[in-house]
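Each of the next two complexes has chain A plus one more chain, namely chain B in the first and chain C in the second.
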Partner chain A sequence: MKLLQPSSLEELDAAGPGLLLAGGTDVVPILRNKLIDVDTLVDIRAVVPRGVDGTRIGAGTTLAELEVDPQIPAALREACASAASPQLRAMGTIGGNLRQATRCWYWRMHYPCFLHGGDRCYAQTGVHREHSVFANDRTASAHPSDPAAALLALNARVRTNRRELSISELYRLPTNDNRDVVALDYDEVILDLEVPTPEASTYLKAMDRQKYAFALVGVAAARFGTDVRLGLSGVAPIPWALDSAAGLDDATPLPDNAYKIQIARALIERALEAVG
Partner chain B sequence: MSDLIVNGQRYALDAQVGRSLASVLREDIGLIGTKIACNEGHCGACTVLLDGVPTLSCITLVHTVGEREVTTIEGLRDHPLVESFVRADALQCGFCTPGQIVSASALVEANPHPSREEVRHAMAGNICRCGAYPKIEEAVLTWQD
Partner chain C sequence: MARLIRTEKEVEGNYTEQWIVVDEDPVAQWPSGPLEIVGRPLARVDGAERARGEAVYTADLQLPGMLHVAVLRSPHAHARVTQLDLARASEAPGVRAVLTPDDLDVLTREPGYPGAAIAAVAADTYDLAAEALELADIEWEVLQPLLDPDEAVQQGSLIDEPERYDRGNVEQGFAEADVVVETEYRTQTVLHNSMETHQSVCQWEGDLLNVYTSTQYIWGVRAETAAKLGLPEDKVRVVCHYMGGGFGAKNHPGEYTFIAAELAKRTGRPVRCALTRREENLTTGNRHATIQRLKVGAKADGTLTALVGDFVMAVGWRGFKSWTAGPMKMLYHCPNVSTVEYGAKVNTGPNAAFRAPGFVEGTFGLECLLDELAAKLEIDPLELRRRNHSDSDLVDDRPYSSKNLIECYRRAEPHWEKRDEVRARSNGPWKHGIGMASQIWFGAGGPPSYAWVRVGSDGRALVVTAMQDIGTGTKTAMAQIAAEELGLPVDRVQVSIGDSARGPYAAISAGSSTTPSMGPAVRAAAHDAARQIIEIAAQRYHKEERVLSLKGGNVVSADGGSWPIEEVTGLLDDAQILGKGARGPNPTGMRVLTFGVQVAEVAVDVETGEVRVDKIVAVHDVGRVINPLGASSQVEGGVIQGLGHTFSEDRLLDPNTGAVLNQTLDAYKMPTIADVPEIVTDLIDVPDEHLTNLGSKGLGEPPIIPTSAAVANAIRDATGADVRSLPISREEMLRALAEAKEKEKTREAPTAV
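Let's turn to the complex of A and B:
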């Protein structure tokens, strides 16, 4: 295996294709488990901005740095604080967090599933208590990122080395032709995020235990004037936007995960109360 | 060829790309206080400090450490937390203890008088299969006694 360590965007372009590596919290286990087969790693830490400057957040900023930063909206701070473990938050970057792979155990255990390019989703008929209740017809994978739900509610924008896009454009539902859930090129690098400042925001998360677990359901709410935006984690293959709790009526739960709808309804109610 | 700085000492780094910091610490340098349990970044047994920041050495590629200073449990031999873990009887099998003490050392460095909730938040990434959590909490809360 080769490790390239470009020190500028020009050097990055010249480096050619390789698997991007920043905090490594997802990439390294994925490599070790041979879920991705690559011979070149590109360490992007030297080329990705780190730190918070007003409403701009460098994609290399760690979740640990964000969870204590008073400049950023509460929803993002709370989402970062509730994610993973202290060590993983100290290593993991916000840019990498947005591109993490699914936690679906079938995918992680190399089942030839839809997301691996196969023709079926094993969770739909298998063990799916933690899987999706929306858009789960092709894959029932549930998007694991807490910060992504917060950034969706906050209507954040993403700047890469090629373009600028909204957080909702960053994600796509996988199709037969393209099984990715992130709409970026393989070697496209998220440089920073532009995060609008709401009047009030919050992130509430239901877990199997109080610390260090992925969201069963996470609900972010952000109020801009009289407009409240909602972003949910753990309920769809991608971070999921809802206009209101009424949107939950359109859910398509699997036999063993309809409980997520009740949790989402309760968390939305509490989140709306919290942001006034 | 780059170097690796561990507990204030500089070592020549001669390892294949892809190897973890934990494996180099244990197998090449002989610092076996750092434990490898899950080897996939879940359990916290391999926690070391990189420039004072608790880091999972089993999923840190050794070539990405660079000039950051590595502190392992061997570098914390004289830390009062070692004595407080003994005093509080904060272990049974002891396998997770090095990682527990490394995480706790970063917490008390930043916050010498943590509350119980702050201890729980900062120590959540160190799993103890013996379930010694109440005594681990006590050890961290009383580290200066």
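Let's turn to the complex of A and C:
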């Protein structure tokens, strides 16, 4: 395997296709378990900004740095603090977090599933208690990122080396032609995020233990004036936006995960109350 | 003179008769209560070296020229290997030897569970071995797995004969009952997940085999390995100085030991066979799932009249039925009991003993059932248990050697009495409650077990016995016992363990037996040495032996006079005082058991199904406590492991293929420190006057037994919801809450006309 370490955006452009490496907290296990076939690793740490400047967050900023930064809206701070373990947060970057792979056990065990390019989702007829209750017809995998749900509620914008797009445009439901959940080109790199400052925001998370677990359901709420935005993690193959708890009526749970809807309803109600 | 007697040995409910040699003069028990060193808290004698990383575990061992093994394992739960060719693998870089099922009988062509070992490769590094395995040419005929334990029982796919137990007449018992409760409980499969995975390093020296292994039973590994290889037992030396956890799964050598031994023989090199975390969680054992269909009958005053249990256990492809019916048979004074236990043979990894196997599961069922009965009878759950207390063992019709369960209940009472106060803390969606559950288990230990004590002219003592400390702190307890008997400060006593070639036979560290088996032997050996020191001192200082004793590093005379022990031993020069001791028999015709009760305080978020445990009070009766600090650490470990079993741990199987879906620690969720509540340990600490020269029973298993039932009962107290299935995941909690709400509605609704 080849490791490239570009020191400028020009060198990055010249690097060609490869798997991007920043904190390595997801890339290393994926490579070790041979889940993705890759010949080139591109270490982007020298070209991706790190640090917070007002409402701008460098994509190379670690979750540990974000969770304690007073400039960051509460929803994002709380989402970062509730993610993973201190060790992982000290390494994992916000850019990498937005692009992390699913935790679906079938995908992680390399079943030839829809997301691996196969023709079916094994979770739908298998064990799916941790899986999606929305948009789960092709794949029932659930998006694991806590910060992504917060950024969705916060209506963040993403700047890459090619363009600027909203966080909701960053994600796409996988299709037969394209199994990716992120709408970026293979050589596109998230450089920074622009996060508007809400009047109030919060992130609530239900998990199987107190710490170090992916969200069964995560709910972020942010209020801008009278407008309240909601972002959910753990309920769909991508971070999921809802206008209100009523949106839960459209969920399509699998036989063993309807409980997530009940949790989501309670957390939405609490989050709305918290942001006033 | 040595005396040969025939005695009864009991390990976890199984009695065997055996000959043992006992010393002529048994040593009298010490008085109850804390002594100079025994009964007082002591930090682990090897704590610093463990914390500093200096302790060499099997996983740390590096021998010159050592090879590493990767094992080819079945990806299928049930399959047949139709073709296996390792020619390309054996030519891969760094490969020194390969093994197929033709070479070794622990390898198979007919795997019955995912992870079953098919072939093995030894190479210069683990990575080279693993890469070589990818070159194995193998073809499978995949067979339909049988996964459902009820279906297996119906089909007659059983591990062994069903076990039936009857006493009294349950039909009559139910006829006498005013109230009957019938319920089904389920427990899940959980994995041991010791920090150190199962592993051995094998090295031949001529015809002598050195086995460095992570084990709970040095002498068992020696015997089983010798038998497997057709060697005299003294040709196998087993070494385990430090051990990274076993919890019951490391009682035997395991296939990895035989693979390493064979590959070491073929290559002439030391060979390590160490399992990865994934292999660990596929193949080395588990606490098997259970389905418990239970029925209880009682009179209006709470007197139990009948207990019936039908237990189905998903044992796996091999293994044994855990004693899930044990608590139902043993815990209460119920004259009519009928149980049947089925061990389903299914296409899952073999089970292994796991910290109080069967009793953890059976106590969850029985103690939840008792609380459901208490609710129906409107009797206080603690009072219900007191009313059904048993003064003697009804299974074998024997008296208990000692039993202080009523005292445990008394000490639990102040916590239990806070029920109203705790319930009053309920606020919004958070409902608070208290629950309790009783504990019964074995823990007598037994003979044979031996120890030697050597005292040099410098007045320092070395305890030598080939036992293992599996992380429970027994090495520290042995140092305390020897120091107490020798009247030496504990820092003048060293303990040498962990090597079958250095020291006499020592018991298995399973069934809560290390301290009750080994402690009396160590004390007897120290007593033998102390006697000799006193004899020498009596001659040196012209005193009668009966007035002399050893205390605080001195020989002390009752009629005045005190001399440092090293002044006496200093006379010896290179001569040494050698003491030897053996574990005496267990009391004949008595049942030696441990007892206890735990009280749990919980809070339940009835909207999201989140459960928070605020406090666990653990009151246990295990006889004399040697080291209160080590004991509370054991209790805390047991409770935490119990909470993992209660809430978040669950080995998940794909229902179609039988694949284990959560083999790694991100997906298989053990509790973290953030999940640990306040744990209050209260040990009765009264010696069992009939048991050995110590009166100590084992404590390893008791604290994990009642935790899940106490928590489930607290949840019922807080919310009225009956959780009947472990783990109490969000979905199980929300299901139980919805069911309780439904029941409430039916109760309130006017009866249809």
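Brief remarks on what is shown
Here is the rule we use: the second predicted complex is superposed on the first by the 276 of 276 C-alpha atoms of A that agree within 3 Å, B and C clash if a C-alpha of one lies under 4 Å from a C-alpha of the other, contacts with A are read in each partner's own complex, and residues count from 1 in each chain.
We take it that a residue touches a chain if its C-beta (ideal position, glycine included) is under 8 Å from a C-beta of that chain, and two chains touch if they have at least 3 such contacts.
Computed from a prediction, not measured in an experiment: that's the story for all the values here.
Once the two complexes are overlaid on the shared chain, A:211 sits against chain B and chain C alike.
With both structures placed on the common chain, the touch criterion links A:108 to chain C but leaves chain B unconnected.
Of the two partner chains, chain C is the only one touched by A:267; chain B is not. In the overlay built on the shared chain, the residue A:122 is in contact with chain C alone; chain B does not reach it.
When both complexes are overlaid on chain A, the residue A:256 reaches chain C alone and has no touch with chain B.
Touch criterion met: A:1 reaches chain B, while chain C stays clear of it.
Residues 211-212 of chain A lie at the contact with chain B in one complex and at the contact with chain C in the other. By the touch criterion given at the top, residues 103, 105-106, 108-109, 122, 125-127, 129, 206, 208-213, 216, 256-257, 259, 262-263, 266-267 of chain A touch chain C in their complex. Interface residues of chain B, counted against chain A in their complex, comprise 16-18, 20, 39-41, 44, 47, 53-56, 59-61, 63-64, 103, 120-125.
On the side of chain C, the complex with chain A involves touching residues 429, 605, 607-610, 647-648, 652-656, 659, 661-662, 666-667, 669, 671-672, 674-675, 729-731, 734-735. Residues 1-3, 21, 24-25, 28-29, 31-33, 41, 43, 45, 64, 81, 84-88, 90-91, 211-212 of chain A are the ones touching chain B in the complex.
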